[in-house]
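First comes the structure, then the notes that go with it.
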Amino acid sequence: MSQLSNPTTGTAESVSADRFRRIRGMTLDLTADLSEEDCCVQSQTCCSPVKWHLGHTSWFFERFIVRQILGADAYDERFEFLFNSYYNAIGTRQPRSQRGLLTRPGLGEIMAFREVVDDRVSRALERGDLDDDGLALVELGLSHEQQHQELLLMDVKHLFSCSPLGVSYASEGRPAPADPGPTTDVAFDGQIASIGSCFGAHPAIFDNECPEHRVFVEPFTLADRLVTNGEYLEFINDGGYTRPDHWLDLGWRVAGTAGWSSPAYWQQVNGEWHEFTLYGPQPIDLASPVVHVSYFEADAFARWAGARLPTEFELELAWERGSEGAMLCSRAFHPGTACEPDGRIRQLIGDTWEWTSSSYGPYPGYCKPDGAVGEYNGKFMCNQYVLRGGSCVTPRDHIRSTYRNYFEPEARWQFAGIRLARSVNA
Amino acid sequence: MSQLSNPTTGTAESVSADRFRRIRGMTLDLTADLSEEDCCVQSQTCCSPVKWHLGHTSWFFERFIVRQILGADAYDERFEFLFNSYYNAIGTRQPRSQRGLLTRPGLGEIMAFREVVDDRVSRALERGDLDDDGLALVELGLSHEQQHQELLLMDVKHLFSCSPLGVSYASEGRPAPADPGPTTDVAFDGQIASIGSCFGAHPAIFDNECPEHRVFVEPFTLADRLVTNGEYLEFINDGGYTRPDHWLDLGWRVAGTAGWSSPAYWQQVNGEWHEFTLYGPQPIDLASPVVHVSYFEADAFARWAGARLPTEFELELAWERGSEGAMLCSRAFHPGTACEPDGRIRQLIGDTWEWTSSSYGPYPGYCKPDGAVGEYNGKFMCNQYVLRGGSCVTPRDHIRSTYRNYFEPEARWQFAGIRLARSVNA
Amino acid sequence: MSQLSNPTTGTAESVSADRFRRIRGMTLDLTADLSEEDCCVQSQTCCSPVKWHLGHTSWFFERFIVRQILGADAYDERFEFLFNSYYNAIGTRQPRSQRGLLTRPGLGEIMAFREVVDDRVSRALERGDLDDDGLALVELGLSHEQQHQELLLMDVKHLFSCSPLGVSYASEGRPAPADPGPTTDVAFDGQIASIGSCFGAHPAIFDNECPEHRVFVEPFTLADRLVTNGEYLEFINDGGYTRPDHWLDLGWRVAGTAGWSSPAYWQQVNGEWHEFTLYGPQPIDLASPVVHVSYFEADAFARWAGARLPTEFELELAWERGSEGAMLCSRAFHPGTACEPDGRIRQLIGDTWEWTSSSYGPYPGYCKPDGAVGEYNGKFMCNQYVLRGGSCVTPRDHIRSTYRNYFEPEARWQFAGIRLARSVNA
Amino acid sequence: MSQLSNPTTGTAESVSADRFRRIRGMTLDLTADLSEEDCCVQSQTCCSPVKWHLGHTSWFFERFIVRQILGADAYDERFEFLFNSYYNAIGTRQPRSQRGLLTRPGLGEIMAFREVVDDRVSRALERGDLDDDGLALVELGLSHEQQHQELLLMDVKHLFSCSPLGVSYASEGRPAPADPGPTTDVAFDGQIASIGSCFGAHPAIFDNECPEHRVFVEPFTLADRLVTNGEYLEFINDGGYTRPDHWLDLGWRVAGTAGWSSPAYWQQVNGEWHEFTLYGPQPIDLASPVVHVSYFEADAFARWAGARLPTEFELELAWERGSEGAMLCSRAFHPGTACEPDGRIRQLIGDTWEWTSSSYGPYPGYCKPDGAVGEYNGKFMCNQYVLRGGSCVTPRDHIRSTYRNYFEPEARWQFAGIRLARSVNA
């Protein structure tokens, strides 16, 4: 199916000024209805202000294309300091926890900066001023832009959830409820699988997906849809949050300290469960997939259900048998209900990211790239777990079979849900 | 001298619609050049966003005048929750540490709310709709407004100091440097002093200044001007921050944990001391009073200097022999240099608050008022120290001889400085 | 009455080898039934191991008498480091929080050190080798010893309370229950009181009691006995811990964070209140004075009861009209019930320390002594509150009318209780 | 070589009363020279007092053999609470952080308890009262005992390192210095490896080693000896702790917060590096393996050296080509220098544990055992990293090719060192 194509197979759209403008423009579309105040505030350290996302993604293009390749001057020398993120190799930077204190430059100034950067890069693309390395960096910049589109929606969701006033980001477009029907387990044989990709085969491939290598995967089954809110509520009602035997020891301690008794954004109002969504607070829809659970909750649910989380290799193997749910292009902003059973592994792409039991680590033979882009992925390979498949706020052309997302096991503000797997005894 | 008049002596201006509008308007003047983003962000828990100050002061008038006395409806029921501060008696409220997360309502909505409240209260004053109790509450509201004028300048200063870009709040008006000359000690006899005031004698009197009572004050002297930056620098250069024998034990521990080696807002740039001011970063002016020191630093400096901090009673006794420095009405926004010696106790009013060695506690016979206003002062009477005299950001008609300000001994973001005192052996 | 004599009046016993041995021996009596393990462990940072108390009090005599005056060598150079406490002037020292990690030297070695120090000092006293300054230092050392007798009982109580096994320190001697009868308020006139003492008048006087000075005390009344457990239980049952209007703001926050719902050492077992005592866990005796309350709880109780805490000056004035309860010499180890009303202010001495509303600060003209003993008291004069009158674990000859004890307002492991006072309107 | 035999291959000694007594007796030998105080104190939360180790290991036998199988009564019901560790399934327990507060029962009582338990279990073994399940539990208890032998030495080392007095645990037996010569890389082919073991094949096998399964291992090389202190010192001197590009992001933050600038237990005295050992403080021996490094330091060193850490599968594959260094039976108590090159992978067993890049997780098809022993391993499978090969304080008959030890990446008090690996490009 065309929609499941991978960049690595060569069908991906090539870099062009049009595509550059379209992806950059998408970011502006997503922030169009936010006020200057909405764009300025940082609601927790792991989030960034929208204004920072807008500045940082532009900085990336200015730094690596406009300045490094085109040799142009900086638009404003101060932005180097403000909008660098984790690139130790490049210089000092505003501490992450204090990004929300930058009331100046104002949103208007950042927008002006974006426009200038966009013009310069567009013109370079139109004129063919960039060689293959330059085009690869633009491609990386566009991947980066798309990551920040998802991040800014995550961050806006968290910010708005802190308001006691029931603020909403969007008013229409929420997927209609539907009946996903029962779950079927789909079986896979044990096999030597080829995992990962080849760095440089396509510019969009991240270093953490490389190199391609062999993994022995024992026989397993995968549930053909995500776990629903209704199923998760059974877990809650069965004492899921009060019985330590379901939980990893660390998860039990984290949940206790934080006082978790439901997924993030859930709360009971007059005895009814509600969740905060980008459409504001809503009653829980039992048929929709559960979302905003930590790795610990996903793992505990799976153990309670007599199953386990899949490995990232199992999900990569399953890719070509999957079908697709809501993604950013449909402007759903919330996971949709699974379609009717269709013989495929439903919701494998989109709706929610799927926690895997795979610790995020380097593939055999992994080398981080030289220079600042070498800080992109490799240094985070510790105490994080891989998620696969993209979510309702992931751009469709950003995701692929080998794509590895990763978060700390306690993180809950990303759109992460649960797919169950089982080992098959030979 | 008229400028040293006290409200208690009856010379204070009475409550009128004009005075109401003038004081409320001053708040808007002070925030006129701030952007929506500047007004939204909270840079530390003890600070509040400017927008919150604007909403909270209006809430005070709406709550106690418009709703409680005039019986009108709330402008917006949600503001009760958002802009109540510490009044447990009235209801739940937005947690203090999360005031900066309220990107909505926007600044424009708060301004509209202010306008409506101002109209209602002004009209009631013009029509004479308020009895004495009502007028007393308006007076309290205006005192409260003036306190928040000072607070918002403190908070903007802290916010802007967090920017790496050297932002400034004001561009002109900074007091010109001058030579304050040497310090002279002014002597006072031992005596039974009458301290404090009579609650209700004048509506502006706070409960914490009452009741009037007798205190035996032993003979003492007071320095006739504030300690300067130059004198404080001698303390620093003499190892002031590295020798525990100058310090209170708790102060030594706090300073060590926080890594203090100078007053707040000071930093060395290329070996030269600078301080962040509301005019942006500036080289230290040696003749200006040191400001933004904690009680611990003030106390350590005094011990190093072979003196001590005054008690609040000593400063109250000295009031009628004092003269006045910069205050908010002069829009100085930074302490000025002492005038030439004039036989009076210079800078007793204005320039910087003066730390006293008096723990903030109730006067004998103190009773907190009934109702929510009873939460205004009394419940903070623990582990705080009294400051007297007002600062360059205090409105002149807000301060008086009996006025007690108070902060935790580690607080440094208020405009607090040092005056030395000495006991005289009989 | 002789038992209320003050050292300042010259009736105190003079320093002698006998008295030295008796007071030093008392410490050993108090620790005789403790195991090596009991003596080694530190159960919270503000407590010290018994072994450390034994070493530190001996170090004091070795440092200031044996080495400084007699010019002898140190018993063991390492002890200088281990058993110095807060004397920054003398050298580095084992961090307070790590005193419990010193498993070596063992208890036996500390006992041997004590014996050698005791011999040397006793012999010097017998031979008359010490001049007046030396005798004054011995006197200070004995005061210090007695302070540590009380501290070690406080610390053992805390340690044993941490055991789930119901350990007890003592088995007999607990005061028998009795009916204290109702409370009567005793009235005092307003007056200029002479407060404090004259440094050097008697060696036992601490610097913080000096100098003698005049204080104007407004008319007041004092309850003629301590608040009982029964009265405190009424406060609890009336929602004392759940209604913020009784509390200081800081107290409310401390109590909330710590989860207080009763005095320290209280817990409910099958619906019945028990308290941990040095006799092990016991059912609450309603007639006994409440003990192990913080300043915050004492203050909240007083406000709930329509009264207030006394000032330290009021209690000093009341001294000559007081009578005495259990003290260390009676080996009660727990506060006793008040005797029958006797026209005096019962329990003013002994049973429990009495929280005052007086912040611990320097008296007018206070000078800290030179050298290391200057660190004894003055540097703690911040954010602490004065307690007066001694407790059931205070040696009788250690306490006097001018004696100022002090603790942070949140501290609860000292034997502190509540006496109510009231202002009298003229 | 016989010393490399695995329990799984059937050559392990079977359970007997003699073996039981020998292993239990080893624990007593290791603690024979410790005082009651040494055995009581807990120096950090992750450590336990020696007394607790002695009680807990006995509790294990009492709980699972004496009570559960033999049906006897508890020696002392209170010990159930005190000496249960993490077995949520069994009941509440003394909080881990407060194990050091148990001064009672004293060491003598714990020893009496041990003796009774040992008698009961020995007699049961002699009489043949235990069936296979019972014998398997004894075997598990002996493995558990051996784990605690290592743990108690780790914990004593930490405790003694906190003393400013230079305490030592042992006085003789330290391995003599030697010259290990250069490192050679030993090559391994890519292959499908059989990893892990079969649960129940031998009672000593832990659940986390099971089930046996297939893993594809790409070609790699392993260094034939551990990294030495001298090599690690080059890393330090080359700015290893000050250059973020060597480090995982999390490691860089942990190291910064903790202020690491060398392995644990290292400190500079007069410019010379020393390390605290069980023989007391000693100058660094450059030829000995570096030990007490965190995963973060091991990983950063490997990156600096142009290599990487091995996976746990690579070390398991290498087992049969390894040779052995110091272990607990040689009572070395500190890692020894590598022997001369011998064609084998030196120090693969013993000297120091070897950090691997493998996150500690379940093998495919892993099932945790039923009941309380199911809490032994599985619930810790998150945010920990696997170490292989045993150390100088591991009993030789405790370790095997499939043995998986695991610690958080920041842990440093275990005897962990570094072996380098490299990927081989096909």
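Per-chain residue numbering starts at 1, and chain names A, B, C and D are given in the order in which the chains are listed.
FYI, a residue touches a chain if its C-beta (ideal position, glycine included) is under 8 Å from a C-beta of that chain, and two chains touch if they have at least 3 such contacts.
The structure presented is a predicted model; accordingly, all values stated were derived computationally and were not measured.
S.K.: Expressed in steps between touching chains, what is the minimal separation of subunit B and subunit D?
M.R.: Counted as steps through touching chains, the separation is 2.
S.K.: Could you tell me which chains are in contact with subunit C and with subunit D alike?
M.R.: The shared contacts of subunit C and subunit D amount to nothing, since no chain touches both.
S.K.: Going by average Cα coordinates, which chain is farthest removed from subunit B?
M.R.: Looking at centroid distances, D is the chain farthest away.
S.K.: In whole angstrom, what separates the CA-based centres of subunit A and subunit C?
M.R.: Centre-to-centre distance between subunit A and subunit C: 60 Å.
S.K.: From the C-alpha centre of subunit B to that of subunit C, how far is it in Å?
M.R.: A distance of 38 Å separates the two centres.
S.K.: Could you put a whole-Å number on the gap between the CA centroids of subunit A and subunit B?
M.R.: That gives a centre separation of 47 Å.
S.K.: Determine which chains touch and list them pairwise.
M.R.: Listed in label order, the chain pairs in contact are A-B, A-D, B-C, C-D.
S.K.: Could you pull out which subunit C residues touch subunit B in their complex?
M.R.: For subunit C paired with subunit B, touching residues are 86, 88-89, 190, 192, 213-216, 218, 220, 244-245, 247-252, 295-296, 299, 308, 311, 357-359, 361-362, 364-365, 375, 379-383, 409, 423, 425.
S.K.: List the residues on subunit B that touch subunit A in their complex, please.
M.R.: My answer: residues 35-41, 43, 78, 81-82, 94, 98, 100-107, 159, 162-165, 167.
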